[in-house]
Amino acid sequence: MLGFTRAQSAGFVLMVAILLAAPFVAYPIFLMQVMCYALFAMGANLLMGYIGLLSLGQAAFFGMGGYVGGYAVQSLHLTPELGVVLGGLTGAAIGVVFGWLAIRRQTIYFAMITLALAQFVNFFAVQDTGFTGGENGMQNIPRGKLFGMVALGPDLHLYAFTLVIFLAGFLFAHRVIHSPFGQVVKAIRENESRAISLGYKVDQYKWIIFIIAAFLAGIAGALNALVTKIVTLTDVGNVTSAIVVLMVLVGGIGTVFGPLIGAAIVIAMQYYLASFSDWVTVIQGVIFIACVLLFRRGVVGEFAAKLKLSL
Amino acid sequence: ASFPLTRARAAGKSLKIAVISDFSGPYRDDGGPTSVACVKQAVADFGAKQKGYDVTVLKGDHQNKPDVGVGLARQFYDQGVDLVIDVPNTAVALAIQGVAHDKNRAFIDSGAAGSSLTGKFCNAQSIHWTYDTYMLAQSTGGAMVKAGGKTWFFITANYAFGHLLHDQTAAVVKQHGGKVLGNVNYPFPQTTDFSSFLIQAQSSGAQVLGLANAGADTVNSVKQAHQFGLNKKMKIAGLLVFLNDVHGMGLEIAQDLILTESFYWNLNDRTRAFTKRVLPRTPNNYPSMGQAGCYSGTLHFLKTVHEMNNMKAAANGAELVAAMKKMPTDDDAFGKAYIRADGRFMCDAFLFRVKKPGESKIPWDYYTLLETTPAAKAFMPMAIEGCPLVKA
Amino acid sequence: MMMIFGKPAPLLFGQLLLGIINGSFYAMLSLGLAIIFGLLRVINFAHGALFMVGAFVTWGLLHYLGIDYWVALFAAPLIVGAFGLLLERGLIRFTYKLDILYGLLLTFGLALVLEGLFTNGFGSSGVSYNGPDILSGTLDLGFMFLPVYRGFVIVAAALVCFAVWFTIERTRLGALLRAATENPSLVQAFGVNVPRLVALTFAGGVALAGFAGVLAAPLYSVNPNMGSDLINTVFAVVVIGGMGSIGGAILTGFGLGVIQGFTEVFYPPASSVVVFAVMAIVLLARPAGLFGKAA
Amino acid sequence: MSDYVLEAQGLSKGFRGFMAVQGVDLNVENGSIHALIGPNGAGKTTCFNLLTKFLQPSAGRIAFEGQDITQLSPAGVARRGMVRSFQISAVFGHMTALENVRIALARARGGNFDFWRGERVLIRFNDRALALLDDVGLSDSAGVPAVALSYGRKRALEIATTLALEPRLMLLDEPTAGMTEADVGRIVALIRKIRAGRTILMVEHNLSVVSGLSDRITVLARGRVLAEGDYASVSANEAVVTAYLGTDHQDV
Amino acid sequence: MSDASMLNVRGLNAWYDESHVLHGMDFEVREGECVTLLGRNGAGKSTTLKAIMGLVPKRAGSVMFRGRELIAARPDVAGRAGIGFCPEDRGIFAGLSVEENLMLPPVVAPGGMSVADIHTLFPNLAERAKSAGTKLSGGEQQMLAIARILRTGAKLLLLDEPTEGLAPVIVQQIGRMIGEIKRRGFTVLLVEQNFHFASRMADRHYLVEHGQVVDMIPNHELPTRADSLHRRLGI
């Protein structure tokens, strides 16, 4: 079904079951953040895993999605689902422009252009104290009422809302990969010139993937704004861009479940390492190094390789 | 409903205090381990054991990320933490202040500068200890103009904190009859070289160079001003400088810098006594005002809880903070002071000049007191702060 | 006074000079990065941290051993270079056969570890280091007073950059390096011990960061984050110059310092973002950077 | 409509001051097999890149089936029906032979951006793809990933993929380079088989292939056209012998 | 021609990651000989040369060069021992000038050709000394690739398809050149696709199939062994 392999279907069922049970045993806000970042990472995974482009500027979409989503709910008093949609559209709109500029470049040059473009967004966010709140950020964002009816204040309500969006995003990303479009993207990754010589407008394919990734990042950003009730400069910052790359890698580039697992690990790290206080940076660094030297395929990737499955 | 992580209190009177601070980044020396030491010192000085309290001190590194700070604070509060304290970095502080309100638990910020903490973002659960941008501006700006520094040039970190510091100081300068000759907003972070701005300052002919920045930026600006010989022609006013920054610059370079703190370890017998007690816990770093604020805040919190003598009421952030506001404070670090209705801790502000290398007799003996601005004049009047608590 | 675009001319001359001084740091740091990228295909994110280590080593030599600036000028790069050698043998070499991404990630982790360790060891506000007395004081250039030490920095940086450029572009050792960049296994088949060459090159690139660290110690606040503040700009320099291009890194380093210097006069808030604006424009017009070979 | 499928006039390309191709006129007759030969570095591959717009000419114009295509994108050129193969074998390595051909078929039948549909819509191309694989003798390798195919079979797969687009003009860059003579024979037979109804322009060093297949030959040297004609006339050309064939080419 | 064995390869196995490419190659090259490896695409000829140099990820067996075991040695040790390698793709360095390319390989033993000698043999290279290596035509690049290992004093030259993709006129030149270096006493192990070319150069031919030597034919027996050739190579 849906182009899942049998192992993937089993994984999907397991994932849904765990996510349904999780808020009763774990911390709902933590879980919601994991899902937000997993959405964000799924976009980055499309770029990195399926067209082989490393973006160092994904936070621009995430952060601006958050600001616009937050603004819509806080200042325009729109309902939360509209906020999330607007966040996604904002991400996509910026993605249209950035993608148009960046997509013609490869490898490290692509990475650097995305970094540079994200720097402008960052610059804007620091400047504009009216809209973004500068370095104070946007504070106390209300969660509002879903469709104007169901209050999302209680964590479990928001959790259900987040879960639905996450699953929709998950299936959407999966469908993109396993569509005729996805086949072409795979071909482009394998041999770009050949794809061109067959008459494929390679740049447009890359552009669309880029926009989809930006769209997912925007959704994730807006959702995250509702979950944490704040949007700040960290959300548009380079560190966030680096973190999403880390999530994809830790989870496993080009795997279906990698982004979720990667997000869970990295967010858990931020939460639980905090109590190591002085050693946070050192431990994070060691984890990066260990990832590269020991778990190159990421957790899901290594696991799948052990079991000889595609996950 | 989610796990009702209600506090499973033992029959005894147990209290939990969490220090959320920067332990690994640029503000580590202004908060971090030394703040934890100060909190623990307060617990000891209060005599928690003797009075039958079981006090646990926890710590968490917010890594200067508001969302991490929010996550930490939420978790701490859900684990039954009664007080979150310190939190340098205004963005993180604001975010945690929101959480404190949602969870109805007490929050004392000692490390952050933004005066908006007791302004439009104030709430019934939060207190802002130690200092804020307005107070720095009043003390440094006002006192310097009075001492003859009439014309100013600012170098401002281009973000909200820098702007606030600049705007408030510039206003004070003008109010006292001084003049602002120029200002540059430099990109923050990512600026390490200030020479260009220093040259611009020099060619403006101003008498005072106001540095509306903090941390490494201030150290860099002062160090480089020294190289260009600016300190020979202008007075340099660091609008937010901590003792640790001066230590990092060295007296050779920092000498004659003018700055404001609300605590200095070598100010009087009481501060010296406090410092002597706390130093064994923090061997390489003398406490500066933010850290002393953690001591003072914790002590006052403990005293209030004791005074209330009702653990259930004390667990209610709004009630507890209201009680803290009612009771005047008194401790070795800040002497006698009080907390205003908007949550502002009212202490005196001291204007210091950094000693020349020859004047410094003992380790960390860095400041000479120039002026004292009484609390009532140092802090922004409640009427103009826009705190909803006050209007109500 | 003569005015140019509404600014006094002497001020602009001064800025030009200051821009060049800043540029010399960019040039030295990006030179090391370019060499390491050129031969190892490793994007060394730890470069800024190693620059910081260089400054701390300089301070440590004085503070613990009483070794003064002039000795440190040679000793510190050697110490940092030796440290680089250990890093290369112990960690970096395992990433050579992998996608470029992994080297970037590993060195990023390394930077975090180094910064974390130094923050724990020395605190975040840094340590104080004063330059040698002979170089204190200022020179009157007519249009500005130039601190003597800054003059020294320009000269030292220019000499080092030239020496490195010459070694790589004009000597046999350089030819070996360039050849090994393109096809290491063939060069090795010719009888050259390429792994050793690679390790030494990494050490050399890192030593350049260490050298920049020594030069920076009297100028900037010596603190654990001093490198990470610079590193983004330095990466931009390398990319604008063309990844791996030695001359490109040097010229762009100085050039960008100057551009930034002028931005600091005309619109200071943009002086950090101007670097990225230049980078975006250059990459859109010339995909491989100003001096890079088309991919 | 003229007899020429492809007409290029004054084609030039310089790389940093070095002229790789200089004022080349090339007319390819409809339905013919046209060979482009010349010493190494003569500019043959560069010509291909110019014609298919992988490189933008510094000067000159190109017309395909009477229409100017000088400003078209490479993908646009391919969409018009002029498709190339590469000197270095170009297949999609981690896709099966069948998938390789299907990708081309999907493009020929509309090419799509529908990322919301399932992969299964591609199954309808299977029959045609298998037929094409059969044509080039690869029917037994349909499910094999392209990387695992031998060199000669990769080239055959490339040709099948190209054929899937039903090109009216095929440009083959050294289709037999680096092949054993047995494989060369197979490719020559394949080219003979597919020439029906289309035009082929190829670059080739193997003289027996050139002489056996081509109707017309253009010889390039140092970026310029040195001679043009059928094999007999070209191989008798003094200039061609010195620049390319050499005196004892008969026994090579 | 002496009978001393220069290179003796026994049971050579080689792998690329998971794929096992050489399955026990056995052959020998004597001093002053020119020996070819013939075989279809993918038979493992190039891999054999790379395995001798130590340029494959994994190998096993025995590679004796002038009495010295090289199977565990790094590529640079093989190079220093006196084996000159000219790879399939020629390996001209784009970032180096022709002269720098020529002077790049370190001299490993006395008895190599002098630069002057090389320039007489390849006048083109002298003319274009200052231009970038890859600005040369394919044929010139091939000459440069061979010339630069003649300088080093290496006694055994491994040449991988020196005529591939070259114009006939250049192939003839390369042929004359190999003849010349044979006369000068170099030993050559040649991998060739072009059978006619090989038959004019070599003393002996090894036929390679699926990573193994399946036959050895002395050059003078070629006419009588045409059946084997046909069966193995389709010639």
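Just so it is clear, A, B, C, D and E label the chains in written order, and each chain counts residues from 1 on its own.
To be clear about the criterion, a residue touches a chain if its C-beta (ideal position, glycine included) is under 8 Å from a C-beta of that chain, and two chains touch if they have at least 3 such contacts.
Because the structure is predicted, anything quoted here is derived from the model rather than measured.
Undergrad: Give me the fewest steps it takes to get from subunit C to subunit D if each step has to go to a chain it touches.
TA: The distance in steps between these two chains is 2.
Undergrad: In contact with subunit A and with subunit D at once: which chains are those? Just list them.
TA: Intersection of subunit A and subunit D contact lists gives nothing.
Undergrad: Among all other chains, pick the one whose mean CA position is farthest from the mean CA position of subunit C.
TA: Centre of mass proxy via C-alpha means gives D as farthest from subunit C.
Undergrad: Please flag the chain sitting at the greatest distance from subunit E, going by CA centroids.
TA: Relative to subunit E, the chain with the farthest C-alpha centre is B.
Undergrad: Between subunit C and subunit E, what is the separation of their C-alpha centroids in Å?
TA: 43
Undergrad: Quick check: how many Å separate the C-alpha centres of subunit A and subunit E?
TA: Chain centres of subunit A and subunit E, defined by C-alpha means, are spaced 52 Å apart.
Undergrad: Express in whole angstrom the distance between the two chain centres, defined as the mean CA positions of subunit A and subunit C.
TA: 33
Undergrad: Quick check: what residues of subunit A touch more than one other chain, meaning two or more?
TA: 127, 278-282
Undergrad: Residues touching two or more other chains, restricted to subunit B: which are they?
TA: 24-25, 32, 158
Undergrad: Specify, in ascending order, the residues of subunit E that touch 2 or more different other chains.
TA: None at all.
Undergrad: Report the complete set of touching chain pairs.
TA: Pairs of chains that touch one another: A-B, A-C, A-D, B-C, C-E, D-E.
Undergrad: Quick one: in the complex, what on subunit C touches subunit A?
TA: Spelled out, the residues of subunit C in touch with subunit A are 43, 91, 94-95, 98, 100-102, 105-106, 108-117, 119-120, 232, 235-236, 239, 243, 269-270, 273, 276-277, 279-280, 283-284, 287-289, 295.
Undergrad: What part of subunit B is in contact with subunit C in the complex they form?
TA: Those in contact with subunit C are residues 22, 24-30, 32, 158, 184-187, 189-193, 195-197, 199-200, 203, 215-216, 219-220, 223-224, 227-229, 242, 244-245, 247-250, 252-253, 284-285.
Undergrad: Note which residues of subunit C are touching subunit B in the complex, please.
TA: Its residues touching subunit B are 8, 10-11, 14-15, 18-19, 21-22, 116, 119-120, 123-130, 138, 144-145, 147, 149-150, 219-221, 223, 225-226, 229-230, 232-233, 261, 264-265, 268-273.
Undergrad: Flag every residue of subunit A that touches subunit B in the complex, lowest number first.
TA: It is residues 23-25, 27-30, 33, 126-127, 129, 133-137, 139-140, 154-156, 224, 228-230, 232-235, 239, 270-271, 273-282 of subunit A that touch subunit B.
Undergrad: Flag every residue of subunit A that touches subunit D in the complex, lowest number first.
TA: Subunit A residues touching subunit D: 2-3, 175-176, 178-184, 186-187, 190-191, 193-202, 204-205, 208, 212.
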